[in-house]
Structures are given as structure tokens and as C-alpha cells.
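Report on one structure; see the data block that follows.
Note that the chains take the letters A, B, C, D and E in the order they are written out, and that residue 1 is the start of every chain.
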Amino acid sequence: MKRTGVFVCHCGINIAGTVDVKKAAKELSKHKGVVHSEDYVYMCSDPGQNLILDAIKEKKLDNVVIACCSPTLHETTFRNASKSAGLNEFQCEIANIREQCSWVHKDMDKATEKAIKITKSAVEKVRRNESLEPISIPVTRRALVIGGGIAGIQSALDLANTGYEVILVERSPSIGGHMIQLSETFPTLDCSQCILTPKMVEVSKHSNIKLMTSSEIQEISGYVGNFKAKILKKPTYVDADKCTLCDECTKVCPVVVSNEFDLGLTGRRAIYIPFPQAIPATYTLDISACPGLLPIACGKCADVCEPGAIDFDMKPEIIEEEVGAIIVASGFDLYEKEMMGEYGYGKYPDVLDGLQFERLLSASGPTMGKVLRPSDHKEPKEVVFIQCAGSRDPELHCPYCSKICCMYTAKHAMLYKHHVHDGQAYIFYIDIRSGGKGYEEFVQRAVEEDGVLYLRGKVSKIFEEKGKIKVWGVDTLAGKDIEIDADMVVLATAMRPSEGAEELAKKLKIALDKDGFLSEAHPKLRPVESVTSGMFLAGAAQAPKDIPEAVAQASGAAAKAIAILSQERLFHAPTVAKVNVNLCTGCGMCVDVCPYDSLSLKDGKVEVNEVLCEGCGTCSATCLRAAIQIRNLTPLQVSEMIKVSLGG
Amino acid sequence: MVNLEDLKNEAHKLLKEGTVKYIIGYERGTNGLLPIPAFIKNPEDVERLIWDPTCVFNLTRFLVDEKRRKASEKEPDERPVGVIVKGCDSRALVVLLQEKFINRDDVYILGVSCEEAGVLDEKKLAKTLKGKKAKNIEFTKNDNFVVMTEDGKTEISAKEILAERCLECKANFPVIYDILLGEKVKRKSDKPFGSLEKFESLSKEERWTFWKEQLDKCIRCYACRSVCPMCYCDECVADTINFAVTADTTAEEKAQKIKWAEKSPVTSENFVYHLVRAIHLAGRCIDCGECERVCPLDIPLRLLNKKLEKEAKELFDYEVGFDPDQPSLVSSFKDEDPEDFIR
Amino acid sequence: MAEEFEPKIVAFLCKWCSSAGSDLAGVSRMEYPPNVVPITVMCSGSVSPLYIFSAFKRGADGVLVSGCHPGDCHYIKGNFYARRRIALVKKLLDYIGLEPQRFQMSWVSAAEGKKYTQIIKDFVQELKPLGPQTKLRSNS
Amino acid sequence: MEKILTKKSFPQWVKKLSLYKIYAPVRDNDICNLEAIDNPESIDLDCSNTVLSPKKIIFPQREIYLEFETSDENKLQVKEILPEETPSVIFGVRPCDAKALTLTDKVFSGDFKDPYYWKRRNSTTLIGLACNIPPSPNCFCLSVGGSPHSKEGLDILMTDLGDKYFVESLSEKGSTLINLAKPLFQQPKAADKKAVEKTQAEAEKKIVRQIKDIKKIPSILENMFDSPLWDKESLSCLRCGICTYLCPTCHCFDINDEVSSSSPVKGKRVRTWDNCQFPDFTMHSSGHNPRPDRSSRLRQRILHKFQYFVELYKDYQCTGCGRCISKCPVGIDIIEVLDKVSDYGS
Amino acid sequence: MVHNDYIPKLAHILEIKEEVGGARPIKTFRTQFQNKNDFSFRCGQCAMLSVFGKGESMISISSSPLVKDYLQFSILKMGRVTSALHEMQPGDIIGIRGPYGNGFPIKDWKGKNLIFIGGGIGLAPIWSVLNTALGKKEEYGDLTLIYGARTSKDLVFREELEEIKKKIAVHLSIDVEESDWNEFVGFVPQNVTDKKPSPNNAITITCGPPIMIKFVIKALEDLGFKDEQIYTTVENKMKCGIGKCGRCNIGSHYVCKDGPVYSWAELKKLPQEY
């Protein structure tokens, strides 16, 4: 029979003041299997720990129970002590007789009785504990970053600069994300391209970064430290190494389609470069716009390409990569235009969204930095900006605040005034949210220095009349109706998860929140981790955020990833689920409930991926056959604990 | 109305063409009015098949045996087994599919619709006949049953002698089938949980007295469990009988088997057994009523299972046995699940 | 005079919230009756109906299952499964005529030492008038 | 001793037996149970046979053998528990069930006389009730050496004669009971005796079910161990325990320790009914099972009753009560099975 | 008072010896009754051992009836009760009832050559009769032991076997080759064939796993042994030990009462339900 030692701590008077520790030790010495039982004033002190060590050796104890304070305080202490005496750490259990007993009771007899039950319960548990070693997992010391916006770029660079290989996957032909479309950035009004392009170049030049553009994640399998990614690399039909950016091909390309980089404000050819500073710096053939390759319908671009960079035979490729950690920075999109019909979006050409306006403001934009109306290329003199277009509208649109719109609308109004000095900017707003370093001052500057007119209220109607856009609204502060004959309306459209985020989340097996953003593991304490161990979140994919926040989170995610990659092996608590295959019928109910996807069915039986299992035990309570249980907290252990807790 | 000849013809065809390896159906027995399960292999034996209001058994239970038999065979016949199912039975099949216990390909479903009627309650019939013995009982086109006794034919309104569960039926025709015999007559029970009403209106102490009296009768013959298609576990957690011991089961594993309920048929142990069974059938029981029918001591087991069926519906809007792809009751949740009972 | 009946309660506390909450009650020296013996489990989602029936069979006068508040589960969603499972067990026990007060569930976060204290106080108060639980208790 | 007791006086007789614990058939909705009763009015002698036979009183489903307990000084103590010898009377015992007790008597005798069984058996008086109408459509007592008015194993046999009972005392125990209420009983008239004879003769005719060739069956069975019949007949068997638990002659049991406290160890050793139709009945702790399937278990039930028991005790271990047939959830019919056995023999 | 055979007598464990370790451990227990020892038994009989709170298990007695100081049991850890026994310490109390079963008909074997053939834990019942024969060696002819196990570590009574080797012919075997093993490598039936014991005036007693017994019997038949010369023991699940609980029966036989010792001639007549 296993030999158990019990050590009852006085904790000075903290325990001994309410629990008769001598009596407890004596009673426990009578418990079946207990061959040693003693009390001491401070078990956690060196002499206290030595008592335990000596007893383990002298009495040949198989396991020990320390009746003391909460396990959150000294479980590690005592487990280490037991280890040093040659016991497995799981052969040591803590009976919490301080926080859960002596500190909350006054009646000594009853507290003592309860302390004895709590300790017996720990004895029954420890006697049935398996000796387990932490599960050790080798780590593939490379990372995958999904998304080549500012967040993905930052994470990739942080990782690469620390010395780890990174695969950066971007589905569009160039990295840069939405940030590269911006004109200037609040609150400092730096030129967005000026601060981003050096980073993009660094990415392209970095020996630790393998950049894969026009690529998408097809499948992710494996687990922390050992993910396998299948990446679909779509053909661009242009050999980037050969392309000299001579631009001859676009001159002959007969097809013109809307240019997504300028959000449709301009056009581009079927063969094109997304924008001049694109990384990788190469042209791409948009196959959906091209008249066709099978058979080659046109082929003019290839004809004129002197270096012979155009290769119509390019095929999609599946590239498999093994990585130890994954950072998801899949970014955001603007709220669908069709959804904003009430503001005349899509109906009136001079009703723009925020990003379109950014392009108009951009020095490299369709108007070369001049603010002109798309409809007639005239300078707008009255511009109405509408905040919360789609945000904070639980009935019709998105319930959440998109967070950046207050600031960028202020910036838009300000920049508009910088371009059109005699123009008037109106901003309809619900509240101004300008929390952030220098943000409030920035908004004040817009009002005070640039005379932007803030109107608190909602717009009720927008319609076109005599070449003007009539904006009806209410100024709730002044309490009067407002009617503006605007030349242009700019909507601060809501941010939403980028298209395909849901599909991506499914492939990664990470959860989405109710708005479709990726869910962090804990809203306060684990904001950059996903619920899946080894997968981290960065940027607006997790929630609307501005550039500094996205960058901060990206660096945070990189640091978290580095915490994994910096180790040769990972260690995981071994108190995980265990399956009795004789009992398992493969119904899959446990698979349904596992929050970590650690269970799967194979040949009609469930299998545990011990690396993913966190040991919560929900599977064991769900299984009708007790075919799955958590090591060291098995139904047998609990049933014995119940028995002694009730005095049996 | 299901034409028995059609059923025989279909069965004959399936056997003759070798589509199925055998067919589980009903045939006349020798022990009384109720039929016995028929396992028909030869096409000519389809003549034995019957279909009438006495066909109460849920034959999907025998798919559990079939699965075990097949697993033990070296070179199993991979053809499906044909099984005759009523609406309720088909829902059991759906749960078995949902729990991946059987593959859809392993079963060929001959669905029979109960249409306006259902199957009979032998006890109700006995009361109605007041001592006369029924020899034969048939469906009619209207919803009456024709009962043959030693005194000749009488027509009895089906409502009078239908099993309680048929009066509360949710699927009077099969929800899943390969061949359907009879019409898909939509019929909605006005009181799907009618049998609970009387009981639920009792006081707490009355309820306790009732259940104690009932469960104290239990002799743990386990007929309720044995007849239940959902009780397909190799080993029941609720009692100590070990079925699932193999050569690789270690001494520790055997020694550590927990006795949640002792073998003694005393109040505490009988309650553990029946409570565990009830809770394990929550969201799985399709109310075929077999447990109650086979209980030699007439313990009203349906009342237990029906209660949890009702709670599943009312608390979680969960209905059993219509969708093989829905997650199980206890392996799913909704954010808005009630929690008014939680402090 | 007969001694006042002291109910025996088994409390299944999830490690991360409710057990931590009861620790906080201790650290804050909030007094509550000593009738409850806590059993710390990893998650309220791991509390099998068998544990509950077994506790009553072993003579518990009351059983408490306590977990993290919805949305706060350390294991993301274990408490949601617990909520559903426990609801069914509660309905079943009530149905067979066990006093509903005897089986309780609570959400107690790591910060709710006070709430834990109150729950135990209330539980004991509610159980006292009921007397010993003999319905499901084993006599052997 | 032969007496007449009017039906009106019957409850008074029962009342006179206040020193005895009384068991009798009691109606519970659609079934009848044999139960301890306080009020003679609750007795229902018109019941069909009770779900469980008097076996449940003489050989109760749960019997405590001993109690064990470890003292504080770690000393283990074992206390033998024997049933109290409460004088008991069982009314309404059907002849088949009385005969069944004569069969279990044989099992619990031998080199070792089972004290639990015999203490209960010896303190119980069995008052039979002849079956004027077969209590079950599946009665077949005539085939296995019984009859609806057999006296075997009974202390008293009562025959229903309409408004009165013809009461025959068959043992000293029986006479004692009659003597306790002497004034209630009258001497039978010749007509009464005639009526009894007539009733009995008619009763036999009403038993419709019978085994074809029972005499040959034991010897045919000797060569049927490997017959394919068992596979066929057991196809629908659910492996429940109805046939055996309800059988008045089945006597298999299990012994288990029930623990109320594991430290210090405290508990009881109890015997409970067990039965050969449960798959684990014969399973070795290695997992090896000499009777691994339904067919071997059905075969065991039949062979035990109609071959092995005959070899050991020169009688069938079956009294034709028909319970296993009527209550089998899937209609496995022992008469049919035996008839098929006969067919195999011929 | 009625004698109640269901109530075990209390005994304490004197000594525990670990015979075999690993996943299928075997320990030998020597026990002594708390009160007067009126427990007389024959070789090959069994006793029902109780661990109170866990239950009972039928175990063959491996000591010789000639030894009066203790009862010896060698037990393979197999299920609930045997696991509990393996957890016990000297001084712990168990219950013993019995003896049960028929035992070996050694009286009929006087003057005959006895060949003992065992495999694994099957040596336990043989050990009792072997030691009894050794104790009265003059009453019998030649004694031979053929014994094997999976590996050398699975052999029980290793020290005692060394002693016995000095007195009688002992042929050991292990299933798979090991370094430092000088004796036979192969299964026990192969060793039997290899050693070719003579059927003349001989009785064989064979115990071990069912599959071994099956092939040993075949080997013996090939060597010319008659069914009546071959004895073996049968195991079945048992509860009461006295032929009432109905668990161990093979045909009309109750192994607990009418067995466990059978000659091959007798066993052949019984249905194969063991």
C-alpha cells in the first residue's frame, strides 16, 4: 500500500489559531495509508521543508499532503521540495486549510473537523495521482505571419530582427495594407508612405523573411511549436526577378478595370503594378481582367516585355511550411458600401468613404493631392463629414465603435482646409472620442486653427439637388435643424474584419467574436493571444485600432511568439485528458465540447492531442461512458474525495 | 395505410437482389398478442412479416447487436441491414447517426408511417376488452383499430387504446428512410407532454413518495437498459457490471472501476441507477417507450425521460432525433441558455 | 435541547474563479459557516452529474457547483456546458422530489470573496430547516 | 385436514395470524406483487400470479452476510449477520411457485446448508391457492410434472369454490394456522369435495400450452451443446435479466462488499441475485469469458434447467409458471425452444 | 448454531515476497489464522481470500498440507481483490474461507512417477503437490518438473527452484532467447516434447494458461500418455465456493466443488465452458 505523509502547518497562529493542528495531525495519522503525520509552525520555512524531506526519506513515503495555505501560494514550493527528495511533483498535494478554513471560521472544533476532511480529501487524491512528467514538445523555430499590413510587417520585422525566420503571407500582390493608401497620419501628420515604405523595403531585403504575396493560407494543422501551413501561391504571370518595372506592358494592355488601390477613383490595366512603391516591386497580371490565357487571347504584354518576365504558364503552387508560432494580422476592410445607401453612397459620386478621401488627399493619389470632386473635378467648397457611418448603430449596422474615425475625420477636415483654404468643413458627430497621446489636442487644433465646424447630431437625409448634395441633419446642441448644400460628403465608414476573416479563422481554428473580429484569449490579460496556443493576434483583425495600437500589438504578438521560438522544447502540464479506448464509442460529444480542439476522432475512437489539451475536464463530464478523464483528477479521485468530505 | 403486401414486396426485392444482408422486422410470436422481432434472410421468408398496431418494438435496438457482431467478424458482409422503422424508431436512428454509432450506409431503412394511428398499449387494450383476449388487431382506413377476440370482431377507437407516447407523438412518419410505406400524414399532438401534467402538479413530497415507491420495486434486471437503443455503451457507468474488459485492461484499471451504484436493489442504489440513466438519456431519448413497456414491475420510466425531453425543449429549444448533424444536447450551448437558477 | 442540525455540504469549485474567490474570502477574513467542504475541480464544466448523485448518496445535505461567470471561463466555455448540464440535473432532482434548495449552482469570480461568503451563509440557512437529506442517502 | 372457509371469513383468519408476518398478492394497477401486508383487505387472491414468486421472500434479492469495521486501533472486526427467524405466512402461493421452492431447497441443501435460505424457509408457512383459471396464458405446469392444484411444497392448499375456499392442510405448520382460527372453519361436505374435484379437472383442461415431448428432452439436450439452434433462438435476446430474475427456480447469486467508509474501512458483505444472462456473469477477471455470447447464455439457461439440473436432482428446474415467456421483452418462448429441441431429437 | 460457511476466518499476513515485478506482478503471501488453525486441506484445493471492502477471490493454496505454520498463496495481480492484496503489508488482516474443491488424488499416485508441467503462475497449485511429494519422496517414483514463463523474470519461486534442482529433475524454459540463459528456449509444450518424459507408470500434472494446457496435453498425447494419466486444473469465475451461486458450472459440475482438478479423461466429457 502506498505510504502517505501528512504535514499540518500552523502558519503561526493563522491556522493554529482556529484549527487544532495537533488533533488534526493525530486524526490524520489514523487515516488509511497515512504512515506519517506531524504538525509544524511554518511548513514553508527551511526547517519545515526539511521535515518533509527527512520524512520522505526516512519513512519511505510515496506521497505527501501539506495542509497549509492555498495552493496558489506554496504548491510550487512544496512540490519542488518533494522533488528534491526524489518524489514526482504530482506525489505532493496541498490541502487548503487556511484560506478555505482557518481564516473563515471561528469555532475551533468545527474548523478542525473541516480541516481534517479537507486534508483527508487531499490524501485520497494524492494516493491516486499518477507520477507524470511535463509533456515536452520540440519547437520549429520559425514563424508565420498572416497579413502584410502594418501589423503583419511590424511583427515580421520584430521576429526577423530577433533572428527567427519568418514567412510573411499576403494575399494581395503587395504588402502595405491599408496604411499605404493613407495620405497623412494623425496626430502628427506624417506622410504615411514616407514612414511605411522603409519598413516594406526592409521586409523585402531581410534575409530572415520569406515574403509570399498573392498567397493565401489553405490549411493549418498541428499545434503550438509544430504547425504545418499549406500556402497557396497564386500565379502572377510575371517573374519578379526579371521584371525591370519598365511599364511597357501596361501601355499595350487593352483592358482597363477599376483600380482597387484608389478605391475605384481611377482605373488600371489588367497587367499592373498595385502602386509605385509596391513590394515586391513587380507587375502582376490580373487574370480575372485579362482576356484569357487558355488559349492566349491577347498576349500583347508578353510581346513587348523585353526581359521576358511574363510567363503565361505560371501555375498555382501549394507551398508547405513548418512553423512554431503564427501571428494573424489579417486586418480590416471598410463597411460595405451597399450597406450605406441611406447616405447616398454609391448613388452620388461625390459621397465618398474615408479611404477614398485619403486617396484624394494623397500626393500620389488620383488627383495628385488636389481635393477635387470625382463628379466634375471641381474643388469642393462645402464638405460635410459624417462620423459613425455604420458604427455604433446596433439596429441597422455595426454595434461597436470603430475607434479611429473621430481622429481621422478631424484629420480629413484639417487636411481639407489645408488644401482648400476658403472651404468649409462640417462634421456631424455623436461624441468625440479622442483618447490617445496628442489626440485631444489634435481635435482642438482642427476646431480652433482650421475652423472646422462640429455639429453634434445625426444626418437624417442626403440627396442631390441642383448639383449640390443636400445634407439635412439636426444640431442637437443648438436644438435646430441643419441644412447644408454640400459639394462633397465624406463618410467615416465603420471598420469591419477583412473579407475572408471568418474562413481564415476556421482554418486556424480560432474563435471569432460576435462582430466577426478574431477573439483574444482574455480581454484584459491575454489580449494578443488567441485561444489556440501558439497563435497570436495583431492589428485590426482583433478589433478596430489605429496605427500606433496596431504596431504595439504587433510587437507584443512578436514578443509572445519569440517566447515560444526562443525555446528548443516547450513544456506542457501533463494533467491532460486520457482515453479508455475500450469504452469509447466515438460519438464525438467530447470533441464538440473541447475548447482547444485537442480531441479528434480516428477509426471510431477519440484521440487526445496532449499538447493542445489544457486539462479542463469538460470532456470527461460530457462523456456518457467515462471513457475520457483527466489525469490526476479522475472520477475515481473525485468520488473518493466526495466520500471523505462527507465523513465516509 | 401501409399495405403489408407492399412491405413484403419491398423486402422480397431487397433480399432477392442482395441489396441487404437481412431484414429486421416483425413477425407473430407464440407468447401473446405482441409480435417478436424477425430476422429475415431468405426472400421467401418475407411471408412471415407483419405490420399491425401490435408492432410496438423499436427495432433499431438490434442495429446495436448487428454492429457488435460485425465488429467481431473477420470478413464481415459489408452490405447494409434492412430495418423496419416507425416514426419514433426513425428518430432513434437519427440519434445513432448523430452519435456516429452507426453509419448511414450500414442500414437500409424501410420506413412505415403510422399515419393517423400508432401502436397500441397492451394494458389499455386489456382494460377495454374487460377480460376478453385479443387474438389479432388491425388498422382500418379511419383511425380505428379492428380487434379480433374470441367473440369476433370489434372496432375500437384507436385513441382509446393507443400507447400514451403515440398520443404525444412528434413524428408519426419516419424522418429518415430509404423507402417509405404509407402516407406522410402531418399530425400534431396538442399535448406533447400530456402524460407529465398530472404528475407535475403533485407536491414535492408527493412526487418523492411516488418515485420512491416506484423505484423501490426495481429489481435491476436492466431490461430498460437492455432494450434501449441509446444504451449501446459496452459498459454502463451506472453500475458495476464490466463488459469492456479486454486482455490489455490492466489490473489497476479493473481495480479502479468506480461503483457509482451498488448491485443491491435498495432505494439509494436504484435511484443512482435510474437518475444516471435519465440524465444520460437527456437529449437522446426519442420516447419509443420500450423501457417502460418491458419493465416487469411496471415502473413508469417514460415519466422520467419525458420530463427531461420537455426540459430540453423548454429550456434549450432542443428537439431530439430530427437532425443527425446537430450537436448533442449536452455537447452544445447557447449564449442565452437560462441561468435564472444560478446564484 | 437537541443540537442544531448542521448540514453537510460539498462544494465543487472551479480552480480559477470560484476557488480563487473562496481564497479571497479567506484573505479578507470574511466569516462563514464551516459546513461546506470544498473540492476544487479544474472547471465547472468537469462536474459530472455522477458526482452530484454520488454526493447525495454519500449523505450530502447540499451540493454546490460554482464556476466562473459566463464569458470569464478560464477554459473559454466550460461553464456554458456546466450551466446546461446542471440545469438538467437540477430539474431532474426537483422532479423526483428532492428539495430544490439542496442543489445549487453559482457564479463566483476570483474577486467575489464576499459573494462566496454570502452564498455559503444563505445555503446553510436554507438547508437548516430542511433537516438531514435522507431521500437519496445510502443506509449502508 | 380438510376444511371449508367462507370468503367472508377469510380476512378474519388473516387477522388471527397477528403473530406472523403476512405476505400476500397485492394489486398494483396492471400487475400483482407479493408484498408484506398489514391489512387483510389489501389481499387480492383474484390476482393473476405475482410478478415475483415467493422466492423473493425466502431467497431475497439482497441478503447481508456480514459487517466489517476497522476500529481506531486498526483492528478489523467481522460480524456475522443472520436473518431474524420471523414466523411468516405467504398467502396465494401458486402451486408452481411452491414446487419451485422444493427445487431451490435442493440447491441450498447438500454438504453445506445455506443458513440464510433455511432460516427464512423454515420460518415461513406457504398457503397455496389452486389455479382454477390459469393465471397466465403461458402456464404449462402440466408439462413439467406440476398441476394447477399440486400440493407439492405447500403447507396448505386453498381451492376457490365461488363463495368459499376448500382448505387442505398439508403439514403441521399448516394445521397450526388453521387451529389458530378454528371457529372460522367448517367441515367440508361431500358436495364440496366433489366440487373441488370437478374444479380441478376443469382447471387442467384450461392449461393450453404444453411442451411436446418433455421426457425425451434431457437426453436430446446431451447432444445439443454445439447445435446451431442456440444461435437462432437467441438472435433477439437483449441480455436482460427478466427471465432469470422472475424465474421461481433460478437461484444464482453474487457476493459483493458494499463500503460505507473506506478509511476506516467499514461496510457490509452482501449477497444479491445474479443471473446467467448477464454478459459478465462468467467473465474471468482476465476478460476471458467462457460464455461470451447470447447463444451460449441461452443454451446455459435451457441446459441448466432441463439437463444439468436433471442430472443432479432428477427433476426439471422449471415449474411451468410461464413468467419468462410472458415477460420476455422480445417474446423468447421456452416452450417453443424446447419444442424445437424435440424436433432436433427426432 | 448453524455453521455459516460464508463467513471467513480472519488471518494476518506474515510475509510477502515479490516473485515477479513489472506489469503482471506476482507476490507470494504467507498467512496465519488469528485463532486456532483448524484449516486442513488437500493439495490442489483453493481458498476464498477476502480483502474487506474489496471482495473475495478464489486462490489456490501453494503451500503443502505438510506445512502447518502458515498457508501460502501466490497471487497474480489481476483485478480488484488481487490488486488490493498486492497493496497489503505484513500484519494486515485478510479473511480466508475454505478449503474448496476436490484437490489432487495423490493417494492414488503412490509409487508412480510424477511429472509436473507448469507455466507462469500455474506453478502455484503444482507447488503444493510438488512439495508434498518431495516431503514424502519415498512414497513416489521419479519426480520431474517442467516449468516455463515468458521471460526469466516471470519465473516464480526462483530461489526455491534452485534448491529443488538439487533433488529432482527440473527443466526450465523461457519463451524468448535471453543472454545468460542456459536452459530451454521456447514454449512449455515444446519443452515437454523436447524432454520426452516417459508415460510408463507416470502421472502428469499440468497447470498454466489455457492455451498452454491445450498444447501440453497434445504433446503428452503424442508421447503416448493416456487421458487418465493427465491431470490439470480448471479456472472459472467463482463467488460462493460451495456450488450454489451458479457461476462456475460446467455442465452439471461446479468447478469450485467438483473441480478444480480434473483428469483429461474427465474434462473431455464436459462442455468446453472454461
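Here, contacts are C-beta pairs under 8 Å (C-beta built on N, C-alpha and C of every residue); 3 or more make two chains touch, one makes a residue touch a chain.
Not measured: the values here are computed from a predicted model.
> Everything stays put except that chain E is ignored; which chain groups still touch one another?
one piece
> Moving only from a chain to one it touches, give the least number of moves from chain B to chain E.
The distance in steps between these two chains is 1.
> Greatest Cα-centroid separation from chain D: which chain?
A
> What chain lies farthest away from chain C once each centre is taken as the mean of the Cα atoms?
E
> Give the chain pair, either D-E or A-E, that is connected by more C-beta contacts.
D-E
> What whole-Å value do you get for the distance between chain B and chain C if each is reduced to the mean of its CA atoms?
Chain B and chain C have C-alpha centres separated by 36 Å.
> Using mean CA coordinates as chain centres, what's the gap between chain C and chain E in Å?
53
> Calculate how many whole Å lie between the centre of chain C and the centre of chain D, each centre taken as the average of the chain's C-alpha atoms.
47
> Provide the list of chain C residues touching at least two other chains, using ranges where the numbers run on.
Within chain C, residues 49-50, 54, 77, 81, 85, 138, 140 contact more than one other chain.
> Going through chain D residue by residue, note those that touch at least 2 other chains and give them in order.
If we look for residues of chain D contacting two or more partner chains, we find 254, 256, 258, 260, 262, 265, 267, 274, 283, 285-286.
> For chain B, what residues touch not just one other chain but two or more?
Each of 237, 245-246, 249, 254, 260, 262, 264, 266, 330-332 in chain B touches at least two other chains.
> Report the residues of chain A in contact with chain C in the complex, numbered from low to high.
70, 72, 96, 98-101, 103-107, 110-111, 113-114, 117-118, 121, 511, 521, 531, 593, 595, 614-618, 620-622, 626, 630, 633, 635, 638-639, 641-643, 645-648
> Mind listing the chain B positions that touch chain D in their complex?
Residues 29-32, 34-37, 39, 57, 61-62, 123, 126, 133, 217, 219-223, 225-227, 240-243, 245-247, 249, 254, 262-266, 290, 293-294, 296-298.
> How about chain E: which of its residues touch chain A in the complex?
Within the complex, chain E contacts chain A at residues 87-89.
> Enumerate the contact residues on chain D facing chain E in the complex.
Touch list, chain D to chain E: 65-66, 68, 76, 78, 80, 82, 107-108, 110-116, 118-119, 225, 251-257, 259, 262, 265, 267, 269, 271, 274, 276, 281-286, 288, 290-291, 296, 300, 303-304, 307-309, 311-312.
> Per the contact definition, I'd like the list of chain A residues that touch chain B in the complex.
Touching chain B: residues 128, 580, 582-583, 585-590, 592-593, 601, 604, 622, 624-626, 634-636, 639 of chain A.
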